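Going in written order, the chains are labelled A, B, C, D, E and F, and every chain counts its residues from 1.
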C-alpha cells in the first residue's frame, strides 16, 4: 500500500464560482499520510464541487492543486492510480451480477476473483455474487461499490456521501474500515451530513467559513 | 489497459443480458425496409432498382436510433465518472464504446442484409457489394455517431437532437455505399466506392475518438 | 406409394432440396419449442429442490 | 349451465387444478401429436400424388398451411387470454397469454420460412410483396412486439398488463391490416402469383392435410400446456402444494 | 373539465418554450426525405414516381421518433400522478395528449410537406392529395402512437421498442395514404383512400384513448 | 371548506404484498374531522404504498377503503375533489414559471390568479411568479407545489414526505400550516422521517407493528 515517495496533495488558493455565486475562496488544504478530512456545510455549499476538484475531475476553478509537487493534470494518471474516488453514483449496472460489477470497478488494479469474493463476503454479500444487482436493495448495491475499499491498494480515498442508503450496521462497518485505513497510514477525504463520531484524528472543515460574505 | 478490456467485456455482457439492445435495431431495420414496398410499389422490377438505397437508408436510421442510449446509462449511473477517475485515456473508452456499438448494431445489420436484399429483390450481382459496403460503412456510422452521442449524453430528449447533428455527417457514407451497391447491380466495378469507404473508416478511427473524448470530458466536468 | 425407391423419395423429383429444407427448418423450430419447456422444467425443479433443502437446513436454527 | 361456467372459471383460475388435470392430459396429447404427425407426414410425403403443376414441391403444404393457420389462431387466443386477464384479473390467463407469444411466433416463422422456400421453385423468387405474405410478416412483428414489451417492463405484472393491452390493440388492427394489404396489392399489382387456385384437391392430398392441421392444433395445445406448467411451478413455488409435489 | 383545458394550454405552452419539441421532428422529416435522392437516384422522373411514398415514410418516422417523449416527462415529474389524483378521466387526458402531439408534429409536417414535394419532384396533381392525406392520416399516427408511448412510458430505452410496437399498426395508414398520393399523381380519383383514412381516424379517436388510459393506469398504480 | 356530510374515510383489513414480502396486514384506520396521522417506519416499510392506497391511487391490495360509506373506486371523483395528494414528485415543469405551474396544479378548483399570487408570496416566492422553475433551487420548486396548501379547499391532505428539500424555516412554516388546517377541522395524513414536534393531537402509526412476523 505505501507508495515509494511520500504521498502529498496540496491545494492552494482554490476559488470556485457557480451560477454567479462564489462557493469558496482562497481555500487551502494539505493532505499527507494519516490525514482524515471531513468536508461539512449545508446543501449546495460546494462540498461535492470541491471534492471533485481535489480528485482531479473538475477543472473549472482558480487556484492550484499539486500532487507530489506537480500540477495535478500533468501527473493525472499517476495520481489516478493512488487515489480512489467514489461519487454520489455507485456505477453499478443493474443487469450484471455483484461480482461482475466489482470486477469492472477494480479492473484497473487487476485483482484475483478470490479476493473480490472475499470482499463481497466482508460487506455481507456472501451468496449474492451471482445475483443480478437489480435484485439487490439500494443499500446492497452501495455495498457492492464499497467492497472496493477492501481490495483496492490506493493510499487516498475520496468519498462523497459514502453512508448513503446504508443501515446502522453498514455505517458502523464503514466507519471502522476508514479508521483502519487511516491508522495504517492511508488518507481519507470525505463529505457526509452524518457526524463521524468514532473516527480519531478527524479534521472537520466547514465550507461556509471559506465562503465570502454574502451580499443580501 | 486492463480497464479497457474489462469495459469491452462488460459492455458485451450487458448486451447479452439485454437482448433488446441488439434485437431492437435489427427489427427496426427490417420494418423500415419493409415499409418501402408498401409505400411505393411492390413490383420486383421496380424494387430491384431502389433496394440498395432503401436498405442503406434503413441501416442508417437503425444505427442512428440505437446511438441515443450509447452513453446515457453510463452517465447516469456514474460509470463514466469512474472511468474519468481511473486516469485511463478517454480516447480508448470512446473507441471501445464505438466498437461495442458496432458489434451490436452494425454487425447484425450486415449479417441480416442479404435477407432484406431477397425481400427487396436486390439484383443477384449486388449482394456482395451490399454486404461489403455495410461491413465497411457501418463502423463509420458508429464512430461518427458516437461523437454525437457523447455530445448529447447529458441532454434530456437527446434522440432527435442527435439525429440532427449526425445525419449530415452520414451523407458521404450513404452516397458512396449506395452507389457501390447500385453499380454492382448493373454489373459495374465498385472498388472505388468501397475504397473510399475504407478511407473514411480509417480517418474516422483516428479522429472521432478524440472528438468523443472531448465531448465526454465536457459532459463530466460539470 | 408415389415413389419407387428411397433415393427417389429423397430426391422428390428435383424438389428435394426445397422440401427437405422446409421440413428440416420446421423440425429445428419445433425441436426448440419442445426442448425449451423441458429444460426449463428441469432447471426449475433443480432450483426448487435446492431451495427446499436450504430452508430445511436453516429451519432448526430459527 | 351458468353454474357450470362458474365452476369452470374458478377451476381454470386455479393453478393447482390446471397442473393436476394437465398431468393427466399430457400423455394423450403427446400420443395424438405423435400418431397424427406420423400418419399425416408419411401419407403426405410418400403416398399423396404429386401435384400436376408443382410436382413434389407441393408437399411443403403439409407444414406450411397448418403453421399459417395456427399462428393466426394463436394471436387471437393470446389476445383473448389477455382480455380475460385484464377484465377478471385471472393470473392463469396472463401466464397463458405470455406463453402463447413465443409459440405463436415460432409457427409464424415456420409459415414464413416454408412459404419462402416454396416460392423459389414455384414463383422463382423467395419473396414477393403479396398481400398474404405481407400480412403474415406483420403478424410476426406483432408477436415480437408483444414479447419485447413483456420483457421490457420492470415488473412481471406490468409486463402482463402491457402486453395484454398491446395484443388487444393488435387484434382490432389485424382485420384492418389484412384488408388494407389485400386492397393495396390488387391495386398495385395484378395477381400474377396466386398462392393457389383452389382446384378441388385430390382426397389423397386433402386428407393428410386435414390430419396435419388437426395434429398441429393439438401439438400447439401441448406446447402451451407445457410452458404454462412451468410458469405455474415458478409462480407458485412458495405454495405448499408445489413443495409437496417436489418432495415426492 | 377545467383540468383538461388547463392541460391543453400547459402542454402547448411547454412546446412553445421548448422549440425543439416541434422543430426537431420537422428537421428529421426534411432530412430523411433529403437522403433519399442521395441514396437512390436523383433523376426527377424517377423521383416523381416514388416521392409520395417517400414523403409519407419520412412523416411516419418523424412522428414515431417524437412519440417517445410524449408521456415520459409527465411520468417522471409526477404530473401524471397528479392527474390520476385529480379524479379526472384518463380518457380525456389521453385524447388531449394525442391532440397536442399532433399539433406539434403532424400539423407542422402537413404544412411543410409541399416544400418536400417540390424537392422530390412530386407531380403537380398530387400536392393536394399529399396535404389532405397528411392532414387526415397524421392524427391517426398520433393517436395510435400515443398508445405505444403510454405502454412504454416506464421503460428505459423505450424509443426503439416503441417503434417495434407501433410500426406494424401504422401499415394501413401508410398504404392508403401513399396510394392516395400515387393515384392523384397519375390523375386518378383518390376519394376512396381519403375516405378510408377518415374512417380510420374516427375509429382511432373512439378506441385508442381507452387503450392509452389503461396503459397509463398500469404505469401509475405501481 | 366543510363539506355537507361529515367527512369519513375508513380503511379495514388492508394487506399489501410486494415482491413476495408482506408489507402490512390487517391494517385499520379511520380518518374523521380533526384527524392528524403520521405514518412512520424505516425505508421500504410501505409508507408510500399505504398512502397511495388511501389516496385511491393504488389498487393492488386486499381489504377495503370506504369513503362516506362507499367503496373508494365507486365515488372516486367525489373523493378526489375532497382530498389533496402530494407525492414524492412535485409535478413541477422546469420550463414553466412558478405561477403557470401553480395554475395547472390547482386547475381542478378554478381559482383566481390573485389568490395564487398571494399563495406564492406566502411561501416566500414573491417576485418569482414569472421565473421559469429551472432557475429555482430544489427547495423553491417544492414550495411552488406546497403553495397549493394555501388555496385548495379540500378537507383531507395526504402528504408524502412534504418536508423534503425544505430548509428549517420552510419546515416550521409547513408544520404551522398543518396545525392550522387540523384545528380548522381539516384532516392530514402524512409520512415523514422527521419528528413533528409542534403538532398537537398527532397520532403516529408505526407500520412495523402491522407487519407480520418475518420468517428467516
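The rule we apply is simple: a residue touches a chain if its C-beta (ideal position, glycine included) is under 8 Å from a C-beta of that chain, and two chains touch if they have at least 3 such contacts.
Since this is a predicted model, take the numbers as computed values, not measurements.
The count of contacting C-beta pairs peaks for the chain pair B-E. Of all chains, the one whose Cα centroid sits at the greatest distance from that of chain A is D. In terms of their C-alpha centroids, the spacing between chain A and chain D amounts to 56 Å.
Per-chain Cα centroids separate chain B from chain C by 36 Å.
The mean-CA centres of chain D and chain F are about 49 angstrom from one another, to the nearest whole unit. Inter-chain centre distance (chain C to chain E, centres taken as mean C-alpha positions): 44 Å. The set of chain E residues touching two or more other chains comprises 73, 156, 161, 164, 167-168, 171, 175, 222. Shown for chain F are the residues in touch with two or more other chains, namely 60.
Multi-chain contact residues, meaning those touching two or more other chains, do not occur anywhere in chain C. Chain F meets chain E in the complex at residues 52, 55-60, 76-81, 84-85, 87-93, 95-96, 100, 103-105, 107-108, 110, 132. The part of chain C that touches chain D in the complex is made up of residues 1-3, 9, 12-16, 18-19, 21-23, 25-26, 29-30, 32-34, 36-38, 40-41, 44-45, 48-49, 51-52. Residues 86, 138, 141-142, 144-145, 148-149, 152-155, 158, 161-162, 165-166, 168-170, 172-173, 176-177, 179-181, 183-184, 187-188 of chain D are the ones touching chain E in the complex. Contact residues of chain B toward chain A in the complex are 2-3, 5-7, 10, 13-14, 17-18, 73, 76-79, 81-82, 84-88, 220-222.
Per the touch definition, chain D reaches chain C in the complex via residues 45-50, 55-57, 59-60, 63-64, 67, 102-103, 106, 109-110, 113-114, 117-118, 120-121, 219, 223, 226-227, 229-230, 233-234, 237, 242-243, 246-247.
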